[in-house]
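Next up, some structures in structure tokens.
After this come two complexes, each holding subunit A, first together with subunit B and then together with subunit C.
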Partner chain A sequence: MTGLPLLEIKNLRKSYGAVKAVNDVSIHINRGEIAGMIGPNGSGKSTFFDCSTGLAKPDTGTVKLDGQDITGWSLNRIAREGRMLRSFQKTVVFKSLDVEENLIIAGQMFTFPSLWSTFGLGRMSRQRVSGLRERARELIKMAGLWDVRHQPAGNLSGGQQKLIQFASMLMPEPKLILLDEPMAGINPKIIERVVDTILYANKSLGVSFLVIEHNIDVVTSICQRVIVLDQGQKLVEGLPQDIIQDQRVREAYLGG
Partner chain B sequence: MSLTETAQQIRRRDLRIPLGAVLLVIALAAPFIGSRYVTHSLIIALIFMLPAHGLNLLVGYTGLLSLAQAAFFGIGAYTAGLLAVTYGTPFYVNLLAAGLVAGAIALPLGIPALRLRSTSFVMCTLGFVIIGQAIAKNWISVTRGDMGLSSIPKPHFALGPLSFTVSGTMGFYYLALAIGVLATLAVWAIVRSPAGRNMIAIRENETLAESVGIPTWRYKLIVFMISAVFAGVGGSVYAHYLTVVSPLTFQMYYSTTMLIIVLGGGAGTISGVVFGSLLFVGLTEALRITPELRMIAYGLCLLALVFWFRKGFSPLINRFWDTVGGAK
Partner chain C sequence: MFSTILEQIVNGIVTGSVYAIVAVGMTMIFGVLRAINFAHGEYYMLGTFGAWFSIDYLGLSYEASIVVGVLSTIVVAYVVGKLVMQRMVGAPAESGVLATLGIALVLQNTVILVFGGGYKFFSGGYIEPVSILGFSLAQQRILILVVCLLVFVGLELMVTYSRMGKSMRAVSQNVDCCEVVGIDVPQVVLRTFILGAALAALSGVLTAPVNVSVYGGMGELITFKTLPIIIMGGLGNVRGTFFAAMILGIAESLVATYVGLQFRDTVGFATLILMLMWRPHGLFSTQARF
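What follows is the complex of A and B.
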């Protein structure tokens, strides 16, 4: 392992008209780290995520993953070739498909060597899919969704859908996962479960994380480092316990 | 095991295989059962089933509403007609060529069109049909304009010493049936493949599909091309059946008919398209002899769809099939 950071973003800028959504932000994520990102609503966190993961194109700035410049790559290419995955603020699952199929889809593009090979129905193809099914079942067990694995994902609760989304992102053995408010709108019991799965993925599977979260307790308990954004700019970054004491952070975000 | 249990098991026996066999016999014996006109109606239904299968991959599985299907149907018909009339190439060569030409033309059309979102895409595909008709009307040196191409030969097969021409309605029915079965199997294979799963993912949520590494744009383009191949093949069979091709082959009415087959039969299901073709093309064609009843029946079908079967008739077919299979 090199000392190079896993993800290195430099001078990222993105404007929508006159609004500078992200204004010259540079951050890095180390290997094996769980980093948090906090900030008031409209501080540019989600735009920053979109620009880092290829959903939106940054105006300027560079995104490097594992030393490779991935600026301007599409969302699907960053996921497939970079193994950097992201979740969305509003929970999204493939609603009419059951839980198991949801996970299999999430793994397919990482198992099949090319787009054309996905049209095959031969032995190789069947083997690949059954391998995916096995892995999907392991992750479904881990996420506690075993009993509902054959139900359409759209019929499940918001919390369960979060877990599906999370388990889906672990299908391709990712290097880095960017989570956009994973705890929003779910009950405390599922929060615990999501926290456990994040820690498990981090410790046992070696996945690094960048987590946008408003739940300060969660941020301080799982993150090794916290980055604070405010009005499109990086306000401060540091250890969680230092951040919550920081006067500027209190004024901008935590309130008093 | 108690007596009641056994009795129930007998009652719930799986009758799908016998029923399938009955359907197969009906399909094979149809030309002997019905009149020549009924057979003709079934041929038209089988021909329209081909572009409808392609459209179903696009609308039902990938979630892209397209009205361009009649354009590719027309391109296929003209390709087959021109080849047959100008070069005298055999039926199967024209069939393959029609599919390939339609698929190839779909590439340059799909690249800009698929950049558009929802309604703009629909409008753009509508334009393809109109442009296709304009070209067929005005490129007189090739297409002979409004006169169209006529005396396209009936399919002729020559295998070594064995050679025969499919001329009668009955013979053509079996040819259309064979092509229809092959096309249905091809769709089944595509849908069952991992790519089929990716297509459904794109329909359900395109951004989410992107985020798990699926190159959605390339998939959409490929499916657009595949659907054009189906339409092109359908067009070539149509040309060889009617022996005439005119600019009227590029008709909005055909695009909407294909769409009604897919949506009415049940988008995203194969059985729905087969059933839809029989109902919306076969039945209306068969009712042509009683013009006053024809549109009333068609209208009633559409009303039933709108009020009771929003998802098309396929949920009904599936329920029936499950009941036959012994489910509760």
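What follows is the complex of A and C.
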């Protein structure tokens, strides 16, 4: 099994009317890898994410996670059963719940394993909840949110909400996380924190990543491989340092 | 004079309890779906019919008829939930209004078609009066009060501590966020809906011995009395609903005695108008939750 890529997407196509948003893109993500995805605006990155994670249905193509065909699964099922999570450009947190509750809810992947557990009854259920709490506290410490852990998430800054969302996504022991512009609109200090958290999750928790990002410094510092999309097609992929030198990539960004 | 007022207040509290059990389901359904369930009173009616049927046709006891009434409503709610309510996740508000009004028409007219449109006599229940602190109160009314308190304590615990309650709060806050962390939103919606419908049915079965008459159109008025309550309580707010229901129940009871019985049902509508004019976010919160 280890030879297989963790995520394998083949010949993905998606059109909106006459616009071919994603046109025959195939990629793979290896186990333990942090891969980056870059491309100019409108190059199909987000559509590609949507089709891979069940938010949109691809016209053709297959998505395989760990050898299992998950094409057409809903977003929440992919998250719950496939352990592949994604973020959106917009930060989503439960605003009136405090930081710790946000993480605990996120950890309840198997929302209702049994009717008893639904009501928090039974020894197993209680053990699970206390296990969840411990894990939540560890992640809160790591994300630097310890001092604000009992504050409603909605009272915190945009950057802190990003960290909450990110920590929430680590709660269910994911295999793979797809991040859609995690650094957009946050200050450099928080960027550092998010980068540290990604690296920690990758090294210590064994989570693989696919990151859409415009901040090229971030991409070159954390990604082992970069995939470039342009006009719905894969332009090139390779090592970050090679990619930023590539003439085709420069032309795509400059609209050449 | 004073004891009459007190007696009317106690009656109001009993009426309020009935409203509260119905309204809390509607407010929870609003919480997860962002849609007013205009068919909510119909589940109250279904529960009552289920109980009436099991007493009159099957010869069951009142206790057993409570179970039959609630269970049969759960079955209907499951079907409606699967076919209609789950599709309303993320749908525009108008489609929720149309869909639930449609369900109300279908349920009401199906019952009228099967059992006829006339009034039926509900024969079960504990109607013996007992005397407490100088009041004489039917046992059934005490039962309603006790059940109402149990339901609200249970719901408060569930919403705060249980996994289902937390998921319900999560869904009511941010559906996108639930999807991201793997909460199955349609399933939470279905379960909340069934719970709400079952509570409405329970309220119907408990009230039937007090109201005595059972008819197909009885749910409508309940739906429209529930509306001002859930708005007063603050949409989606369980505790607020309880107090709002009590306020409406007592107000109705006092108006019926001192102004005139014919004005009783206007209280709810007047409240609704006033609430929407001055405090559309409810009596108990300072700002809109949604």
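Couple of notes before you dig in:
FYI, the second predicted complex is superposed on the first by the 239 of 256 C-alpha atoms of A that agree within 3 Å, B and C clash if a C-alpha of one lies under 4 Å from a C-alpha of the other, contacts with A are read in each partner's own complex, and residues count from 1 in each chain.
Following the convention adopted for this analysis, a residue touches a chain if its C-beta (ideal position, glycine included) is under 8 Å from a C-beta of that chain, and two chains touch if they have at least 3 such contacts.
Nothing here was measured: the structure is a model prediction, and the numbers come from that model.
After superposition onto subunit A, partners subunit B and subunit C are found to clash with each other. In the superposition on chain A, contact is made by A:Arg80 with both subunit B and subunit C.
Using the contact criterion defined above for the overlaid structures, shared-chain residue A:Tyr200 touches neither subunit B nor subunit C, since it reaches no partner. When the two structures are aligned on the shared chain, A:Ala106 is found in touch with subunit B and with subunit C. Comparing the two complexes, residues 55, 74-77, 79-80, 85-88, 92-97, 101, 104-106, 108-109, 112, 118-120, 125, 168-169, 171-172 of subunit A contact subunit B in one case and subunit C in the other. Listed in rising order, the residues of subunit B touching subunit A in the complex are 189-190, 192-195, 197-198, 200-201, 204-205, 207-216, 218-219, 222. Listed in rising order, the residues of subunit A touching subunit B in the complex are 53, 55, 74-77, 79-80, 85-88, 92-97, 101, 104-110, 112, 115, 118-121, 125, 128-129, 168-169, 171-172.
Looking at the complex, you find that subunit A touches subunit C at residues 55, 74-77, 79-80, 85-88, 90, 92-97, 101, 104-106, 108-109, 111-112, 117-120, 125, 165, 168-169, 171-172.
Across the interface of their complex, subunit A is touched by residues 158, 161-164, 166-167, 169-170, 173-174, 176-185, 187-188, 191 of subunit C.
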